[in-house]
């Protein structure tokens, strides 16, 4: 399995996983996303960057229809996953979300035990045949999210009793355990120390071998480190999208440039 | 009524106290309220409370201890106390005075007082029944009461007053009522808070609440005239389970309908209060809405829902009219749900409002029944508290 | 609080309608306010009555039975020492079934045989085997036995047991057999134990409930007060007992056996403090109201043949011995 | 420290599936979802159907109470009968009893029948006098006493007719049933028809059902819920003023301030247990505490209100506590973090968020209190009251009845006409309840939000 | 006003504002903070750094007794503010918290309007004499938190409808508006883009002129940029405390060194 992963990773993938065309989002009167056109590739990490409040989370939530839960939110345009319009009437958002997983910006662990938090996804999707398999998935996911060592002795304690960064990693583990094809991560390392961050980044890199990952981040360094593609949002517009290297070294749009050059850490 | 005049004057004094003290505090701070420890309105409230509370307590205690005594002395005393409170508050007012803390401790005292009312009520209930229960057990042996399996009061003496058939009836009817109301109520609550449109919800919730407001006699007559005969003709007789029009099933079903809003409305509020982020978390993992509800929302809302169910159970235990008209008045221990049975509460009411000698055990038994029921439900509540503690999932 | 100016009455729900009729007329025709008449049962009424003397105790307790000695004692202990007992008339108790059903002509023995837990059959004590009236006596209709009788809270039940079941027990000769077979005490008990297999249904509610039950179970026979029956003659068919049709006349004359006296008790100590109290008592028992042609009789109260004596006793404020 | 293993999260090999085609597992989950949803909808539908059925029975049974049949006949108020001394002395006028007025009305009716040439076979004197309600003479007498100048004149009196006749026009009584009915006869009904044909008898909207007091068993046609409405209103005022603040205050203390120890556990259990106490027991308590010990009067709304307050408290407390518990702690933290006191954080932030639950508790508690009879039985409010209580606060201490009591009383009465009245009273009670709830429901909708 | 700030800033301040001695914290059985001794100086920015879950937030919450609200939490040792023991019975935690403000790790705006969120503190503390003053405070605080431009047209909208980073800045504005003497900030810039971050850092620098600021951060750069003192926590222990420059250039403890050198961005 390990070898295969390595093997596949080397193969260049250019297949389009998610394609967004003319996406518009309104919160009531507020036009939060304007005319966004972007193709997210399979087996690729895409970074969304942009100033706070520019619509990154909003766009991310469009990709697995989490915006459905916000009453005032309306979405226009077309978003296709593997060529199928996800806003089609016949599409079941449940199935969509099982394939397009999400880590939210604010950690939101369930008021259940740490174990149950991670086991939740595998259980509802029937990913484990028995308890042993489930245990294995839970452990693997928690290891992937760099949380295993800290919580292995307290798996039965509530996930809400963890520290902020621990909760964040728990939510990553929870999302990973569901084994989605596309993983949307909204600032997954915002509350993590550098070491935990690097471990999560490593996890992202591994996931890329088989899946597509979208990550929102405020750290240019992180975007540069983990992503192959980068999209820069500004005031609801997708200003620039391209190879990460190009964006950071050679931005075409002056806004992108000023954002990147204004960087501090 | 001189007392109500006194009351009015005290309240007026309190209002004056508020205004004056507030102004004084501002003046002391030289118009700059930032120099005060507490906001001026806290100084005002401090004075108002100090003026009103002691006087009001005096009036209340006076009225309680000497209900019909002369009140001429009371008025000046109360007014004096109020004035003293006001003066004291005025003296205390100073920029450094912790008026907020003072007001908050007074308010906290009031809050404590309010919760003590619950304790007082319990004490009152126990005391108002203990005495007569004692009389009852002087006239009737406690063994026969607690372990007797026959309930047949007689006018001429020689009654058998065993509580067991009544207890059984109470449990049986309540269980059926809960078996109807809890699933329906809970599902209704879930539907309203998770699925329904705002419009449907804004209509359905108050509409269902009307069910709780329909007088129980309507339910009783509904049981007696419609449900009872229907159950008898369509279920009991074809299944060979007897031909009684009044039955545990009838009363349980109808009572269950009455209890729906108790479960649905309270649960709906609690479910609605579960933070959206938890739902998002579950939905984001690809759960269906029902999985989200069952596995995340309901566990988080459990304590409130248990509270709602307990409230419904309490109403079921305390209901009389529906039982009388739906389940009949016969005390019986039977497993057949299509047989007539009755409950403790019904018998409390009927023995209290009957034509018996009021000092006879047949009447006094009502108090013993009441006290026994009280203790029984107390035990049930302790168990419920323990269970909730154990399974509570605290969010955030 | 200001002194109470209206009379307060509490007690039996059987007496309640008569008391309200009188109270209403009293209020209309005098300058006194209309008395407040509570219902809540003879027991609760007498208990309140015996709570003591004073403004927040009641003045009159209605009762469908005479006051008991123990109650008198409780009264006395609380300072209620002077009680006037006023018998206002009699309440007839009738058996009635659905208007469209069979006609019934009962004897007490029929009721005993139909409802008793144990009966005597062929000289032996057996658990009640009868399921149809015709099995008890051939002239009775071929109809399932189903009786709605007053629940154990009702004073009517006592009368029913005493004047119908116990009488029937004797009449049918079962009493003797019980006494010899089971012994004195158990025999007496056996006479009064009713079957519990659902043929005899206790009604803890009111006659309206009994009526509703008959309407949903057409073969049922219910026990009613005469006044209730008289108001519902279009729905109910009354049965005779021993060949006698119940009516105010036949009950007053004593021909119809099942009836009971109704009373009210008046706190003499309140006369003079509560305005109109004595006037009300006199008004209640006056010929215009409680007499044979008065509104109470037209509502179904069986007028007391000895009303004149009662009127005199009220006028003289005669109290009962305690 | 390196938790991450080289192998990434494994994945069960799944063929790439279309979003539009559900795999079997998903289909099963969908079915479960659909079932779940259907249960929910079913629950709502069942509740609604039950509500509609019950409301329908109440409405069809009770709407008749709002219409009443009246007879308008000319009545000559003869001096000879009403004022024998001819001096219009009020004291003397008062001595003339309703009996006389009854006879007067009967004579007038006889005269009308004769004048109009109404001929009906088997029409007895009893039929004729029985046509007019027993209430009519009393109202006529009141009219005359209020205005003695009427004596000697011929006025057109608008009088109630007997309940059976009224029932005849509402379908309760038929010629058939009248034949068997001891209290009416076909002849009487024919007479009524004849009077109706003359335009003297008509069934009209019945305001007096809402404004008049109860009437005795012989006058169902005159019975109204006026006093009952007042009594219920007074009691609900007391409950609202006491139960809601006390209940909310107690909940706030227990949930937000009380140390979590054995004592608060005891109080908590105690309160849930109070909810399970049968309402009649609160009546026992009320009798003992407020009347016998506290010296408050019998049959007074204040006592009823106090008893119902105690009875409603547990409901409000349980609902409020549940609602307070449901407010996320981060809100409290946020307030405390900017230096608000606990009291401020509760009153400024937590309480508004808990408001929907509190209001629900209030709605349900008040609904229960409004419809309760049993405890009132013991404190003397299940009573026949004819005189209106005065305005509060004095009125709180004067005898009154209540809507559920009126319903309870009327369903026990022998005359079937009272069943219609009882249903009518239930309609009034429900309208009362709705009025009470509308405000709470509107408020609740304002406060409802998710966070 | 600006000049005065500059003037004061130049004055070196070494007064001790908060002094913690032998502080211990338990969550039930779990010993989360062990024997922490530290003196936080007035008019100084102190940074708390350390791996996720090491107890930074816990210790921070001790400083204004926010731990009182966690039932299972017990605090031992002595913490003094201006020489007064804050765990003394006579101390009113309310007053304490008014003086020691806090920005929480997870943004927790009130479900009220943006304006009311910020105005809440000034209102309850009576910091404004009239509406105009209040408006001024609100604007100043929002400007300080670099949020004004984004929300100035929607002050009446609910604070919960903001983006993650906006909520975070709102919470900063809310804390600043109360004008505390000590401001505790738990990862205040975790969800902010570099520009917003630099604005908040500027705010912190301004605050330092008059107040004492404690900031928890996972970014070494940030710690180095804004703080004068740094405390490094590890597994509940305060491993090292000293001048920021010293800690970063010359750590004494090997754990500190390995944490700092393991840094990534």
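Letters A, B, C, D and E mark the chains in the order given here, with residues in each chain numbered from 1 onward.
Heads up, the rule we're going with is that contacts are C-beta pairs under 8 Å (C-beta built on N, C-alpha and C of every residue); 3 or more make two chains touch, one makes a residue touch a chain.
Since this is a predicted model, take the numbers as computed values, not measurements.
Asks: What's the overlap between the neighbours of chain B and those of chain E?
Replies: Looking at chain E and chain B together, the chains touching each of them are A, D.
Asks: Over the chains that touch one another, what is the least number of steps taking chain A to chain D?
Replies: Minimal hop count between chain A and chain D: 1.
Asks: Of the chains shown, whose Cα centre falls closest to the middle of all protein Cα atoms?
Replies: Located nearest the centre of all protein C-alpha atoms is chain B.
Asks: From the mean C-alpha coordinate of chain A to that of chain B, what's the distance rounded to whole Å?
Replies: Result: the chain centres lie 49 Å from each other.
Asks: How many angstrom lie between the centres of chain C and chain D, each centre taken as the mean Cα position?
Replies: Centre separation, chain C to chain D: 31 Å.
Asks: Quick one: chain A and chain C, Cα centre-to-centre, how many Å?
Replies: 82
Asks: Which chain A residues touch at least two other chains?
Replies: Touching at least two other chains: 94-96, 98-99, 106, 124-125, 195.
Asks: Which residues does chain D have that touch at least 2 chains other than itself?
Replies: Within chain D, residues 29-30, 33, 295-296, 329-330, 341, 353, 377-378, 411, 451 contact more than one other chain.
Asks: For chain C, write out the residues touching at least two other chains, lowest number first.
Replies: 1, 13, 40, 44
Asks: Thinking of each chain as a vertex joined to the chains it touches, would you call that graph a line, ring, star, complete, or other?
Replies: other
Asks: Name the touching chain pairs, please: which are they?
Replies: Pairs flagged as touching, ordered by label: A-B, A-D, A-E, B-C, B-D, B-E, C-D, D-E.
Asks: Can you check the complex and tell me which residues of chain A touch chain B?
Replies: 64, 66, 69, 93-99, 101-104, 106, 108-112, 120-121, 124-125, 158, 160, 171, 174-175, 178, 180
Asks: Once bound in the complex, which stretches of chain B touch chain E?
Replies: 31-34, 36, 38-40, 98, 100-101
Asks: Can you list the residues on chain D that touch chain C in the complex?
Replies: Interface residues on the chain D side: 94, 97-99, 134, 138, 141, 173, 177-178, 180-183, 215-219, 291-292, 295-299, 377-378, 380-387, 397, 399, 409, 411-416, 419.
Asks: If you look only at chain B, which of its residues touch chain A in the complex?
Replies: Residues in contact with chain A: 275-289, 291, 295-296, 299-300, 393-396.
Asks: Okay, in this complex, where on chain B does chain C touch?
Replies: Chain B residues touching chain C: 68, 152-156, 158, 221, 224-225, 228-229, 242-246, 324-325, 328-330, 332, 339-340, 342, 346, 350-360, 362-363.
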